[in-house]
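Once you've had a glance at the structure underneath, I'll fire off some questions.
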Amino acid sequence: MSLKVVIIGGGSSYTPEIIDGMIKRHHQFPVSEIVLVDIDEGERKQEIVANLAKRMIEDAKASIQIRYTKDRRKALQGADFVTTQIRVGGLKARALDESIPLKHGMIGQETNGAGGVFKAFRTIPVLLEIASDIHEICPNAWLVNFTNPAGIVTEAVMKHSQHQKVIGVCNIPYNMRSGIGEIFNVSADRVMIEFIGLNHFVFGKRVFIDGVDQTDEAMRHLIDDDLNYSPANIVSLPWNKNFLQSLNMLPNPYHQYYFQHEEILAKDLQAYRENGTRAEVVMEVENKLFEKYKNPNLKEKPQELEERGGAYYSESACSLMSSIYNNSMDVQTVNTLNKGSIPDLPSDAVIEVNSVISASGPMPLAIGPLPDTISGSIIQLKKFEQLVIDAAVTGDYRKAYASIIMNPLVTSDEKAQMVLDELLQAHKPYLAQFDKEVVNV
Amino acid sequence: MSLKVVIIGGGSSYTPEIIDGMIKRHHQFPVSEIVLVDIDEGERKQEIVANLAKRMIEDAKASIQIRYTKDRRKALQGADFVTTQIRVGGLKARALDESIPLKHGMIGQETNGAGGVFKAFRTIPVLLEIASDIHEICPNAWLVNFTNPAGIVTEAVMKHSQHQKVIGVCNIPYNMRSGIGEIFNVSADRVMIEFIGLNHFVFGKRVFIDGVDQTDEAMRHLIDDDLNYSPANIVSLPWNKNFLQSLNMLPNPYHQYYFQHEEILAKDLQAYRENGTRAEVVMEVENKLFEKYKNPNLKEKPQELEERGGAYYSESACSLMSSIYNNSMDVQTVNTLNKGSIPDLPSDAVIEVNSVISASGPMPLAIGPLPDTISGSIIQLKKFEQLVIDAAVTGDYRKAYASIIMNPLVTSDEKAQMVLDELLQAHKPYLAQFDKEVVNV
Amino acid sequence: MSLKVVIIGGGSSYTPEIIDGMIKRHHQFPVSEIVLVDIDEGERKQEIVANLAKRMIEDAKASIQIRYTKDRRKALQGADFVTTQIRVGGLKARALDESIPLKHGMIGQETNGAGGVFKAFRTIPVLLEIASDIHEICPNAWLVNFTNPAGIVTEAVMKHSQHQKVIGVCNIPYNMRSGIGEIFNVSADRVMIEFIGLNHFVFGKRVFIDGVDQTDEAMRHLIDDDLNYSPANIVSLPWNKNFLQSLNMLPNPYHQYYFQHEEILAKDLQAYRENGTRAEVVMEVENKLFEKYKNPNLKEKPQELEERGGAYYSESACSLMSSIYNNSMDVQTVNTLNKGSIPDLPSDAVIEVNSVISASGPMPLAIGPLPDTISGSIIQLKKFEQLVIDAAVTGDYRKAYASIIMNPLVTSDEKAQMVLDELLQAHKPYLAQFDKEVVNV
Amino acid sequence: MSLKVVIIGGGSSYTPEIIDGMIKRHHQFPVSEIVLVDIDEGERKQEIVANLAKRMIEDAKASIQIRYTKDRRKALQGADFVTTQIRVGGLKARALDESIPLKHGMIGQETNGAGGVFKAFRTIPVLLEIASDIHEICPNAWLVNFTNPAGIVTEAVMKHSQHQKVIGVCNIPYNMRSGIGEIFNVSADRVMIEFIGLNHFVFGKRVFIDGVDQTDEAMRHLIDDDLNYSPANIVSLPWNKNFLQSLNMLPNPYHQYYFQHEEILAKDLQAYRENGTRAEVVMEVENKLFEKYKNPNLKEKPQELEERGGAYYSESACSLMSSIYNNSMDVQTVNTLNKGSIPDLPSDAVIEVNSVISASGPMPLAIGPLPDTISGSIIQLKKFEQLVIDAAVTGDYRKAYASIIMNPLVTSDEKAQMVLDELLQAHKPYLAQFDKEVVNV
C-alpha cells in the first residue's frame, strides 16, 4: 500500500527537518513516496535538498522514494498528504515586510503588524490555488499548512476553498509544552497545556502534568524563575511579574509585540539600524545551511538547523500526519475550526486549539468562554484577522486599509496609509488581486 | 496504594454489574476497597448484594475489600470515586410518576414528561446533600452519577454544589455504538458516534468506523434495515423512513416519546390498563433477581440482570473511572459542562457529549452549531430542564408549574395543574422543599 | 404631490376597512390614488369593492382616486406603498388546511400546525414574486404585508428577496392593547405593552399606562377578572390561573393551541363535525358581506365586517403607512428584523416587536434576553418557522417533512407524513416548487 | 404638585448651564425646587453659583426655589431627579491623571488611558454611595449621571447598586448631530444619527435627515470638507481620508486617541511641556468664570461657559429629564443597558445608544451586529471597561493592573506597572478600596 506525501516549497531549508521526522516515524507512518515541489526561484535549492534527503533515507535504510519537480499538479496525483512551507516572494519580500514599517517607526515583523498583513496578502491567493488543485486532483489528501501567518491562511482556505481538509501547524505550542516540561523535569509528552487563542496569539490557560492541574505551580515558576520560551526568531525580554500574575496564564513569545510594544519596538529599531532586517540575517544563515547541505558526506539534518527558529515544526507536522493516518485519537494542538470551542468566537473561525486527531481530522476540545482579562484582545485580533482575509481575497483597497489600521501595532491613520501604499507598491508582483487598486493609489 | 470506591444505593439490583466491571478491570483499575451505602429501606437488599459481591470477588481471586453500611459520611472517608445509583422513594415512587400522568391521558414515564420532572424534584435535593458531604469529607473524589434524570441531576450539582467533580453517565450512547457496531459487523470500540444533545435526548450526528465517516451508510442501513436500539425499559416502535431521512441523524429510543407521541401514548395507556405500570413489572423482575442473588452458589452476575434495561451502565461507569485513574485521554460519552461544545446552548449547561477523559476529568469535544432540524427541540428541552432544576432547588410552586407546562409531553394548562398537584401530594415525604407550597395548594 | 397606495388582493372583504382607514387619516396621510389589484378569481369581488370604495370616498369628500385592475405590474408604477392581503387558493384552500389535519386528529388551523405550514408554502412564492416586481418597478415603495402567516412570510421576503422594505402587520398587538385599555379604563393609545416573541406567538411582557409600569396590576386583573382578548377567528377558553401566574406575562389567544392543546383540539374536532371548517363559516359570512357591499346606498364599511376577525388590521396598516410618510417616530408593533432586540434569536430573524416608525422604516426597541419560562418555546417556534421558509423556497420534500414534524402541534412521525402527503396533493396547483417532489411521493 | 431636582456637585462651574436649561424648559418641565449639594471643598463655589442661579431665576420670573447644602441625604428627601456632576479629587486629581502617564510617554487624559482608569477608580465608589442613598431615601428618583467616564460609571451603578434608575449622559452625540446639521444646513433636531458603541467610543453608523438616510452624502462631506466635531477639551487633528472611507461611519473626536495615537501623543507631550496639563488650563478658565459669577449684575450664564467643553451637557440632561417627566417617547442618545441592542456585547453592558425616553426610562433601539471594521475595537474597549469596574469595586491590585495593561493606550507591561503604582500613590486619599493593596506595593 502506497502512502504519498507532497512537500510544496520543497527547496526550503526546513525540508531536511521534515524528512528526518518521516524517517524516524517510518514504522508507524510508512511513507512510500515523497515529492518535493518548488518554483523556478527554488529550483537549485530544491535539488540540493532532495539530494541530501536521498542520502538521509539511504543512510536510515528506509524504503522511501524521493522525487522533486516544478510541476505541482502532476506531483499532487495520488497524494495522501500535502504540506506547504512556501514563502511567497522569498526572504526578499520578508525584508520589505520588516523594513517598511520599521522605517515609519512601527513594528516590522514577519507575522505581526503591517508586515504580517502583507505576508497574508501574498500567501492567501497562492494557498487558495494549491487547495483548489488538491480538491481537483487528490480530494482526499490533507493539506498540512506550515506557511505563516498559519492561522489566517488556514481560515482563508476554510472559508474560500472547497477543500476543507486543511490544518494549520505552528511550533509554539510544542515549544511551550517543552519549556514547561523542563521546569517540571518531565518530558513534553507528559505535559498538557490547555491552549486558548489564535496562532501566535495563544495563551496557556492551564497546565497539566500527567493530567493533574499544575497551573499555579507553573505560574509560580514562571514568575520566580524567569522561564523563557522564546523561539530563535523573535527578540526576547523578560515579562513584568505583575503582568504574569494578572494574566495567570502562560503568554507566548509573540505576545511581547503587544504587551511590551514600546520596548520591543525600540530594540527592533536598534537591531535594524545595526544589522538590517531579521530577513537579512536569515538569508546568511540559510546560505551557510545550503553550503552544508551540499556536502555529499552529510547524511543527517545538521545541528545548525535549529537556529532557524522553526524547531519542532516538522515534529508537529509529522506527528499530525501519523495520527491522521493511524486514527490515533491523541490530543495535538492545531489550527482548525473553532466550532464553539471558544464560544465567544465565531464557530467558523480558525483557532489554535487542542484537538483529538482522528482519521477524519482534528476534533477540537471545548474550552469555554475566554477569561475576562484576555477576551477583548483575542476577539479583537480575530476580527482583525478576518479583515485581513477579506482584503486578501477581494483585493479591495479600503478593506486593506481597514485591516492595517485595526492592527494594534499600527499607530496612526496617516502611517497606516503610508505603510499600506509602500507595501502595495513594493510587493506588486505578488499582489495581482490588488492590481486595480494599486493603480488608483 | 489504596483505591476506594463508594457505591451509594448499594442495595440496587444493578450493583453486581458494577462489581463485575471492577473485577474485570482490576488489572488497570486496581480498586482495593468498595463500600456499599444504602438507607433503611435498602438495608436487607444491600446485605444480599454485598454477600454476592464477596462471592464474586473471591471467585475471581481479586484483592478487593467489600463493606456495607448505612453511615454515608463515614463511608466517604478516603473515597476516590463515589457512584450514585439511588432511587428516591423506590419503585413505589416510580409507579406514581408513571400512573398519575397516565390517568390524565398523558405520558407517564420514569425520566420523561411530568414523571421525569418529579423524579428530578425528589432526587436533586438528595444528590446535593451527597455532593456536599463529598466536598467536605473527600473533596478530591469524583462523583459518578447514574441516577436519572442523569443530565438534569448532574447540571443541578454543577450549579448548586461546591463540588464540581461530578459526571453523569447513561448507557444509551454505548448502546447506540454497539448497535451501529452490529450493523457494520465491527466491535463497539471501533465505532465512534458524534453525539449531540442532552441525556435521553441525544442524537448521533455522525458515525465513524475506525475514524472514517460512515454516516450515510449508517443512515441507509437504519432506513432500510429497521435497526432498533431500544433498551428494555421503553416501548419500541419503528421510525417513519421520512423522519430518519429528514433528520439524517441517529435518534435514540427516548425520542419516540416526542416524535411518536400519539402512538406511544396509546401503547403506554394500553399497557398500563393491562399490566399496570412499568415500575410494577420491574418490582417483580427485581424480586426474582434478589431471590437469585441469595443463592450462596451464585458467584457471578446472573444473565437476567440484562433484562433490567441498564445493561452497559456499569461498563460505562467502570471505564470512566478507570480512564480518570489512568489519565487515559480516551474519548467517552458523558454528561458534563457544555463549555461551548454546542455553542447554541449555555456554556454552563450540562450536555451529553464525547469527551476526552483525563485525570482532571472530562474535556468535551466541540461539535459546532446544532443542525437546523433539531436545534429548536434541543434548546427547548434544555430550557425545560433548567426550569426543573430551578423549581427543584427553590421549591417554588410557580416554577414547578412552569416546568410542567413547558414540557412537550404535557398537553394543557389545566392538566398541568392536575398532575402537578397530585404528584406533589403523592410524593410529599420526599419533597420537603415544596412544603410551604403544597400546603397552599 | 402624489401619494399612491396599491392594494394587492383588492377583492378581499377587508378592503373597505383599509379604505375607511385611509379616508379617516386623509389629513395626515393624503393618499391621492388607490389601485386595487386582484387575479381572475377575485375579479368580480374586486369590482364590487371598488364601487363601494368610490361611494365611501365620495361621501367623505376625500380627493382620492380609486382604480382596479388585474395587471399588477402596471398598477405598481409609481407606488409609494403596497399592501398585500391575498389568500393563495382562497377560502377553499383554507378549508383543506383545516380539514386534512383535523381528519388525522390534529389541530387544523389557518396559521398554526400543518395548515399554517401549507399556507406559508403557498404564499411565500407569490409574495416573493410581488417583492421582485416592486424591487424592479417601484423600489422605494414599502411593502406592508397583511398576508398570514405574516411573520414567516415577512422573514421569507427579507431573506430571499432583494426588496428589503417590507413590514408584516397583525392586529393581535393592537387587540391586546385595546383589551388592556378596557381593563384600566383608558384608551388604547395610552397603553404600551412590551411585546416579546413572534407573530401569533407574542407575549406581553410588561404593561405600561402612560409610561408607568402596571404589569402586576394587569396580571392581577387577568387572573381575577377572566379578561379575554380573543379575536373572532379562534376558539377561546379561559386560562388556568396558575398558567398566568407562572408566565407572569400576557399570552395571546393563539397560545391556546400550544398550552391548551388537548382541549382546543377536542373543541375544534367537535366544531368540525358539527359545522365543518372555519373556512366554510367564513365563506358564508363573506357572501353576506358582499351582498351588503353591492347595495348602492351603502357608503361606509358595514358593522358586520368586524365579525370577520380582522378588526384593527387596517387601523394598524394605515397608521403604519402614515408614520412612515410623516417620519412620525412613534412606537408601533410590527413584524421586522430582530437586529438583537431579542438577543437569543438570530439578528436576521423577523420578530413581532415594538418599533419606532421613521421615514426609513421601523427601528425595533431592544428587549433583552427572553424570560426563562418562554425562551425555549419561542426559540423552538422560530427554528420551526425557518424550516418552513427553507422548505417553501427550495421545494425540498425532506425539509417540508422536517418543518411538519418539528411543529409542536403535530403528534407523530407517521401522521406528519400523512398530512404532508395529503396536503401536498390537495394544494398541488399552488405548489409548483414541490412539483418534482410531489411526483415522487 | 412639586418637582424636585437635586444637583450633586452643585459648585461646578457648569451648574449655571443646567439652571439655564431648567428655566428655558419650565413650561414643559415645571421644576419647583432645585437643591445644590457639594462637599467642603466646593462650599464657597456652590454659594457663588447658587446666588447666580437665584438671580437667573428671578430675572426669568420662573417659580423655582433654589437651595444649597452639604447634607446630601437631607437634600435627597422627596427628590424626583438627581444629577451628578462631581469630580472626585477636583482638578488637582485630574492634573495627576494627565501628568503621570505623560511623564512616562503615554497618553494622559481625563477619560482615556491610565488617567481615565483612575478617574473611574475614584468616582465609582462615590457614585455607588450616592446611588445607595437614593435607593434608600428617594427610590423613585432618576439618577442622571454626567460624571465621567460616564459609560463606565453608569455600568458600575447598574451592576453594583440596587438603584437601577440611572442614566449616563454625554454631549458628544448632540455635538455630532449638531455638526451634521450644520453641514446639511438643518437644525440638529432634524438630524438623527444611528449611534453605535460606547461613551467616548461611539460611532455614527448612519445619518438621517428628516428620517431619510443621508449617510453617503454625510461621509462625502466629511471626507471632502474636513468637517470637524471636536469639543474644546480635546486636541483635534483632521482624519486621514482613507480612514473615513474604510470606516464609512462618523468617528467621534475621542477616537483620535486610538487611531491617531502617535500624533496625538506627540502633540499632547508638547502641550504638556509648554503649558502643563489641560487640568491646569481649565483651573484658570474656572477661576475667571467664578469671578464673573460673583458679579451681582450677572443674571444669565456667561458666554465663556461654552469654552469649557461641556456645551450641550445641560441641554442633554434637561431634555432627558423632561422627556421622562412627560413620557414623551422621543428618541435621545443616552448611556443605558444594552439589552441586545448590539448583540455582540453583553445584554447587561452599558452602551451609548439611541433610546425612546418614557416615564419608565430609556428603551434602547436595536441596532444589530457591529460592523466588521470596528467590532473588534468596540468589544475590546467594553471588556477593558469591565476590567476597570471589577478593579474599582474590589480594590484588587491584579485586576487594576489587568485593566491598565489591557487599555490600548498603554504601551508596555513595565510602564503599566509604573503608572499604576504612581497613580495609586498619588490618589491614595480617594482610593480607600485599594488600601490593603497600595501598602503591599
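Letters A, B, C and D mark the chains in the order given here, with residues in each chain numbered from 1 onward.
In the analysis below, a contact is a pair of C-beta atoms (placed from the backbone, for glycine too) under 8 Å apart; a residue touches a chain by one contact, two chains touch by 3 or more.
Everything quoted here is computed from the prediction, not taken from an experiment.
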item: C-D or A-D, whichever has more C-beta pairs in contact; value: A-D
item: Chain whose mean Cα position lies farthest from chain D; value: B
item: Mean-CA-position distance for chain D and chain B (Å); value: 55
item: Distance from the mean Cα position of chain D to that of chain A, given in whole angstrom; value: 45
item: Residue list for chain C, restricted to those that touch at least two other chains; value: none
item: Topology of the chain contact graph, where touching chains are joined (line, ring, star, complete, other); value: ring
item: Footprint of chain A on chain D - complex, ascending; value: 105, 239-240, 242-243, 245-247, 259-263, 372-377, 379-384, 386-387, 390, 397-399, 401-402, 405-406, 408, 411-417, 420
item: Of all residues in chain C, those that touch chain D in their complex; value: 192, 208, 210-213, 327, 329-331, 337-343, 347, 354, 356, 358-360, 363-369
